[in-house]
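What follows are several structures.
In what comes next, chain A is part of two complexes: it sits with chain B in the first one and with chain C in the second one.
Moving on to the complex of A and B:
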C-alpha cells in the first residue's frame, strides 16, 4: 500500500462530492472529477492488474490511452463494457470494475503460476508447439486463457449515438499549449476554428505543469482562446477523440457526453495536429513491477487529483523536464531521490536529492516495489518514476498518408512536412517545451508567438534498451513482450518491424504500442546492427484508440439499418389480417391469416377458382417518354419494342453487356411516344440506371426522358376466372385485349388498366395515383366479397406463377443465365440490329449445348430449394439446382423449377436430387405445369 | 470517405457515386471478334496515377467524366458527358 490522497492538492476534483466504486469486489473511494485510475492510485493498492501472458502482478503505469496494464471490464447501470482503460474511465458512483486477465481478482489470480513457465513459453511458442495432432486439439483451452476482457452477453448497448457532419475553416486537434496557440491565432483572424480535446479540460500538460503565458497564468490564455473561438463562430469539443483521418481530409471524432455520445464527421478546410507526445519508460530488469510509473503520469495524478504515487520516490530520468516533477512531489511531502543519467544537471529542487550519471539497472519488488539498483547500488523506494524521453503522437498524420523522419537531435521519429494534409505542431512534431510549442502553434496559424518565461530544456539523454543486459526486461507491458522475445525474433529472421510485430504481438491491443513501439524498434535496430530509420516503423491505422462499435454504427441498427419501403395501403392490409414479410426491400403481405401455410394454400386455390386481388404497387413503373424512346428501348432490351403497337404490352428481357439476364418484365406502350417499363419490384432503381447509361452515353438525351414514378401509383391486380365479373360490378371497363393497356378514368381519377398476367389467369392490373388508392381498395373489397373472392399475399402469387413456369429473376436465374436458357432464343436468332449484351450471346460458351436451362421437376414430395441435381449413374457432380419449389393446391402435387445442364433436351428423363446426403428421383418436365395452352388468359 | 464533384450537384460523399467504366473505352460494334469483345468487357487499364473515368451520381442519375489520381486520390476535374 503506497499511493495516498493529498489533503489539499487536486485541481480537477470536487471534494464535496465523494463517490464509491467497486474494483474486484473491493470498495474504493474517490471524488467527482476522479478517473478510475486516480481513485485507484489514491486508494493505495499496487497490484491492480495481471499481465496478458505470464499473469505477472501489474500496477498503474500511465495516464491516458498509453496505459498498458490497468484494463478493466466496467459495469455501469447494468451495462458492461470490456477492456476499458482505468486512465480514461471517469469515476462514477456505483461503478463496478473487474480486472481483465485475472480470476478471481488481480491480487489473488489463480493463473499466477504461469510466470514460472516463462522460459518455456517465449514469443512464437504457439506456432512451434501446438502443431502435433492439429491446432484444433489445443484451440479450446488456449482460447479460454487468451484474450482480454469478458463480453457480457446481456449487454446490448442502445443505438443512440447520432452521427453529425460538420465543416470548418480550421480544425485543431489537441488543446495543449501548441494547439491553444494555433487555435487562438486563427480565431483572432476571424476564421471558424474547431478545437478538439481528448480530455475534459483544455491545457494539455499545462494542467499539471502550469506555466505563465503573456504575463498571466496559463488559464487566462486558455480562457482567451475559448472566447476567441466562440466569437469567430467556432466550436470546442472536449472529451472528444479524433480517432481517424480519412480520404480528402475527413476526420472522424468521438465525443463522449453524459446523455449520449456523438460521432462527428468533420471536413475542415485545413487541419492542424497538436496531439502531443507520450513519455517513454526505461528498461531496467523487472521493469514491470507494480510501483514503476511514468514520471509525467505521476505528476499529472498529483496535481489534478491529489493522488500521490508514493511516499519514498526514486525518479530515474535523463532530462530537465523531470525536475519540475521532483519538485512537485517534494513539495507534496514525499521523499524524493532524482537519478539523472547525465553528467551535468540543473540545481536540485528544494527537498530533492539529485544523483548524476546514474543508470537504472534493476527494480526490486514483487506485488509492490521495494527499491531499485542504480550503478550497482541498492536504493530503497516504494515508487520508481521513469522518464526515457518522449515519443510524438503522430497517428493521424500517418493515417492520412504522412511519412516520418528520424531526427537524431530530437531523438524521435517526427512527421515529414508536406506528406500529409495536416500541419503537425508542438510535441507531436518533436517541438518540446512551453516556449517553442507556443511559438510553433501560433506561427502555424499565422499569428505571433505568445511570450513565456519558461525556459526548461527538454532535450534528453537518449535512452535505449540494453540488449546485453541480464534479467527480464519488458518492452511491451500490455502484450508481455520482453527484450528476449525481440532478440529471438531477430535470431529467427523476423527482422522487419512488421514481422516483429506479428511474431511477438509487440505493439498490438488497446495501447497500440504507444510505450512499446519505440523501444521495440530500437532493440531490433541494435540486435541487427542497423540504425532506427533503416529498421522502419509500423503502419498506423484507425482508430487511434479503441472506439465502441456502437459509436461507429450510430443509429444504423435494427429497423434503421436498411429501412424497408412500405405500402401506402399497409394499414388496410393489416386490417384484413395480413401477415407482412420483406420482399426485395419492400414490406408486403405474405398471406392474409395467422396460419400462414394453410392460408397460402387456400389463397392459391381461390385465385384459380373464383377471383383474387393482390397489391402489386411495388412493381416498377418507369415512364420512358419522348421521340427517342423507341430507339432507346430497342437498344436496351433484348426484345424489340419499337414494333409494339400503342395500346399493347410485351414481355421483355433486359440483359447486361455480358449477356446475362438482368431483369424481366412487361413493357407497356400506352401511347405512341410513351412506354412504361414494369421492372421487377426489387430492381427498379438499378433498371433505371441501366437505362440511363445508353440514354446519356449513346443517344441524344434531349429526345428521351426516364421518369421513375413507381411510388406515385397504387397498383392492385385482379386475377381469376371471375375477374371480369368483379370489375364490371365496380364499373371498370374491361374491354382490353390480352397483353393490352388502356388509360381510362375511374370517377375523377386517372386509371391505367393493363391486362397482363403473372398468374396464368385472366388478370387486370389497375393503377391509380396514390391519393386514390384507398378508395379503389375499398371499392374492390366490397365487390370481392360479393363474388366470394379473396385478397392474396405474395406467397400465393409465387405458387401461381410457378405453376405457370414464370420466373423470378435472381431466384430462377443466376449470374450465368442467358435468355435462351429460359426458352427465349427467338430475338437472338432474328435481330440484326445492335442491342445490349448481343455479342455475348454468340460466344462459344453462350452457344454450348450443356448450359443450365430452365426446366420443371415432377416429384412426390416438396423438394428443398437449392438442392443440387446429380446424375443417377456415374460420378456424382452438380448438374444444376432447384430454384423454386412449392406444393400446388391446384394440381394437387408438388411442383418445382430448376436450372439443369442440358435440361431442354432431357424432357421426361429421371434425375437425382441431392439433399443432406440422400439422393431422390425426380422427373424432368416442362417448366409450365398448369394450363400449358394458356386457355385461361 | 472521398468527396467527388458531380458537375450538376456539386461536391458529395463518395457513397453517392458508382464507378461506371473507364473513359475513352468505346463499345466495339459491327460484329467484333470474341477477343475484342472480351477485351471491352473485362480488360481494364486500372492505372496507378492519373485516370479518366465515367462515374454515375446515383441521386441525380447523371453519368459524368471524372479525372482523378488513383494514387493520391486527388480529383482534378469533373465534366458532363456532353
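Moving on to the complex of A and C:
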C-alpha cells in the first residue's frame, strides 16, 4: 500500500463530490473527476492486475491508451464493457470493476503458479507443443485460459450512437501546446477550425506540467484558443478520440458524452496532427513489478488528481523531462532520488537527490516494489518511475499512408513530411519542449510563434534493452513478451518485425504496442546486427485505440442492419394471411397461412389444378433503350438478342468474363428500340452495373440508355390452367403468344402483359405502374375467388419451377457453372461474334467432360439440400451436390435438382447421397419432371 | 435471432405526416415523373419547357429534372412516351421514388447523420448515399426533400423515427 491522496493537489477533481466504486469486490473511494486509475492509485493497492500469460502481479503503469496492465471489465448500470483501461475510465458512483486475467481477484489469483513454468512456455511454445494428438484436444482448455476480459452475454447495449458528418477548413487533432497554437493561429485567420482532444480538458501536458505563454498562465492561452475557434465558426470536441484516418482525408472520431456517444465522420480541407508522444519505459530485470510506473504518468496523477504514486520514489531517467516530475513529487512531500543516465544533467530540483551516470539494472519486489539496483548498488524505494525517452504518436499519419524516418538526433522514428495528407507537429513530430512545440504549431497554421520563457528542447540519453542483460526483462507488459522471447524469435528466423509480432504477439491487443514496439524493434535490431531503420516497423491500422462496436455499428442494428426492400402491396398480402420471408433482399410472402408446410403443398397443387397469383414485383425491369440497345445486349448476353422480334421475349444468360453464369432471365422487346431485361430480383443492381460496363466502355453511350424502373411497377403473375379464364373475368385481353409481350391499357393505366412462365403452366405477368398496383390486386383478388384460385407464396413457386427443372441462379448454380452445364450449349457452338465470357467457354477446363452438370434426382424421400453426391463404389469423394429438393404434390413424390460430375452421361444411373454419415441411393434423371413436352405452356 | 416475420413496421402513407425529434416528415403524393437519359437538355425542352436540371440539395421548382448521374435524371412533374426520342430516352417512373419532405429545427442534424456528403458544396448530381442507401436530395426553401426508391421507404421511415437528436456538444 504505497499510493496516497495528497490533501491539496488535484486540479481536475471535485472533492465536494465523493464517489465509491468496487474493484474486485473491494470498495475504493475517489472524487468526481477521477479516473478509475487515479482512484486506484490514491487508494493504495499495488497489485491491481495479472499478466496475460504468466499471471504475474501487475500494477498501474501509464496514464492513457498506452496502459498495458490495468484492464478491467467494467459494469455500469447493469451493462458490462470488457477490457476497459482504468486510465481511460471515468470514475462513477457504483461502478464495478473486475480485473481481467484473474480469478477470483488480481491479488489472490489462482493461476499465479503459471509463472513457475515460465522456462517451459516461451514464445511460440504452443505452436510446437500442442501438435501431438491434434490441436483439438488442447484447444478448449487453452481457449478457456486465453483472452482478456469476459463478455457478459446479458449485456445488450442500446443502439443509440448516432453518426454525424462534418466538414471544416482545418482539423487539429490533439490539444496540447502544439495543437492549441496551430488551432489558435488558424482560427484567428478566420478559418473554421475543429479541435479534437482525447481528454476532458484542453492543454495536453500543460495540464500537469504547467507553463507560461505570452506572459500569462497557459490556461489563458487555452481560453483564448477556445474563443477564437468558436468565433470563427469552429468547434471543439473534448473526450473525443480520432481513431482512424481513411481515404480522401476522412477522419473518424469517437466522442464520449454523458447522454450518448457520437461517431463523427469529419472531412477537413486540411488536417494537423498533434497527438503528442508516449514515454518509453526502461528495461531492468523484473521491470514488470507493481510500483514501476511511467514518470510522466505519475506526474500526471499527482497534479490532476492529487494521487501520489509513493512516498519513497526512485526516478530512473535519461531525460530532462523528468526533472520537473522530480520537483513536483518533492514539493508534494515524497522522498525523491533521481538517477540520471547522463554525465551532465540539469541542476537538481529542491529536495531531490540527483545521481549521475546511473544504470537501472534491476527492480526488487514481488507484489509491490521494495527497491532497485543502480550501478550494482541497492536503493530502497516503494516506487520506481522510469523514463527512457519518448515515442511520437504517429498512428494516424501512418494510417493515411505516411512514412517514417529514423532521426538519430531526436532518437525517434518521425513522420516524413509530404507522405500523408496531414501535417504533423509537436511531440508527434519529435519536437519536444514547450517553446519548440508552440512555435512549430503556430507556424504550421501560418501564424506567429507564441512567446514562452521555456524554450528548451528536451534531450534524453538514448536507452535500449540490453540483450546481454541477465534476469527476466519484459518488452511487452500486456502480452507478457520478454527480451528472451525476442531473442528466441531472432534465433528461429522470425527477424522481420511483422514476423516478430505474430510469433511473440508483441505489440498486439489494446495498447497496440505503444510502450513495446520501440524496444521490441530495438532489441531485434540489436539481436540481428541491424540498425533500427533497417529493421523497420509494423503496420499501423485503425483504430488507434479500441472503439466499442456499438459506436462503429451505430444505429445499424436489428431492422436497420441490413434493410430489406418492401413490397408496395405488403399490407394487402398481410391482410390475406401472408407470412413473409426474405428472398434476395426483399421481404416477400412465403405462403398464405400459418401452417406453412401444409399451405405450401396446397398452394402448389392449386397452381396446377386451377389458377394462382403471386407477386413478382421484385423481378428486375431494366429498360434498355436506343439505337445501340441491340448491339449492347448482343455483347452482354450469351444468347443473341438482336434477332428477337418486337413483341417477343427470350430466355437468356448473362456470363462473367470467366464464362460463369452470372444471371438468367427473360428479355422482352416491347418495341423496336426498347428491351426490358428481367434480371433476377436479387441481382438487379449487379446486372445493371454489368451492362453499364460495356455501355460506357465499349459502345457509344449516347446511343443507348439503361433505366432501372423495377420499383416503378407492380407485377402480378397469373399462372395455371384457368389463367385465361381469370384474366377474361377482369377484362384483360390475353391474346398474346407464348414468349410474347404486349403493351395495353387497363382502365386508364398502362398494362404490360408478358406471357412467360417460371412455373411451367400458362402464365401472364401483368405489370402496371406502382400507383395502380392496389387496384389491380383488388380486382384480381375478386376474380380469383370466382375461379377457385388462390394467392401463392414464393415457396410454392419454388416447387413449381423445380418440377420443371427451371433453375435459380446461385441456388442451382455455383461459382463454376457455365451455360453448357445447364444444357445451354447452343449459343457457344453457334455464335461467331464476340460476347461477354466467350473466350472462357473454350478453355480445356470449360470443355471437360467431367464438369458438374444439372440433373434431376429421383428418390423415395426428400433429400437434404446441399448433401453431397458420392460414388456407390470405390473411394468416397464429392461428385457434386443437391441444389434444390422438395416434396412435389403434383407428382406425389420427392423431386430434386443437383449438380453432378458428368451428370448428362449418367442418366438412369444410381448415385449415392451422403448426409450426416449415411449414404442413400438416388437415380439420376432429367431435370424436368413435370410436363416435359411443355404442352401446358 | 432475427425474426423475419416480426418486421411489422410500415412506411408513411402518401400524404401522411409524422413529427419526431425536432423533425416534421411528410410523404409527398407521387407526382408524374419519368427517367430521362442522353441529351438531357433536349429532353427537358421537349417534356418540360422552361424546366431546369438541379443538383445536390438545390432548390427544386415543381417541374424539374433531378440529376441522378452525368447523363440521367428524374424528371418530376412531367412524363412522356417510353422509348427513344431524338437523342434521349424516356421511361415512365411515377412512383419509382418516394419523396420524404423533412422540415424542423433538426433538419441539418438529420441530414448530417444520414450522409457524409458536403451539402454546402454544390454538385451537379443530386445522388448521394443516405443512411446507407442511394437517394436523391433536393430542397424547397428550408424543406429538405429526400427521394428514396419506393421499396426502401419503410426502412427510411424507421430510420427517421428512430434517430437520436443531438444537442450541441
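Simple rule for what comes next: the second predicted complex is superposed on the first by the 735 of 937 C-alpha atoms of A that agree within 3 Å, B and C clash if a C-alpha of one lies under 4 Å from a C-alpha of the other, contacts with A are read in each partner's own complex, and residues count from 1 in each chain.
Keep in mind that, in the parts below, a contact is a pair of C-beta atoms (placed from the backbone, for glycine too) under 8 Å apart; a residue touches a chain by one contact, two chains touch by 3 or more.
Treat the numbers as computed from the prediction; the structure is a model and nothing was measured.
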item: First (chain B), second (chain C), both or neither touched by A:658; value: first
item: Chain B versus chain C as contact partner of A:348, first or second or both or neither; value: neither
item: Partner chain(s) touched by A:265 [first = chain B, second = chain C, both, neither]; value: both
item: Which of chain B and chain C A:689 touches, first, second, both or neither; value: first
item: Partner chain in contact with A:707 - chain B first, chain C second, else both or neither; value: second
item: Chain B versus chain C as contact partner of A:775, first or second or both or neither; value: neither
item: Superposed model, chain A: greater residue contact from chain B or chain C; value: C
item: Contact residues common to both interfaces of chain A (with chain B and with chain C); value: 250, 265, 267, 701, 706
item: Residue numbers on chain C that touch chain A, as the complex places them; value: 4-5, 7, 9-11, 30, 35, 37-39, 71-72, 82-84, 87-96, 109, 112-113, 115-118, 120-121, 132-133, 149-155, 158-159, 162-164, 166-167, 169
item: Footprint of chain B on chain A - complex, ascending; value: 246-248, 250, 265, 267, 657-658, 688-689, 692-693, 696-697, 701, 706, 834, 839-840, 843-844
item: Touching residues on chain B, where the partner in the complex is chain A; value: 1-3, 14, 18, 20, 27-29, 31-32, 34, 37, 40-41, 54, 56, 58, 61-63, 73, 81-82
item: Sites on chain A touched by chain C in the complex; value: 160-167, 235, 237, 250, 255, 257, 259-260, 262, 265, 267, 555-556, 559-560, 563-568, 570-571, 579-582, 586-587, 618, 623, 625-627, 671, 673-674, 701-702, 705-707, 709, 711-712, 750, 769-771
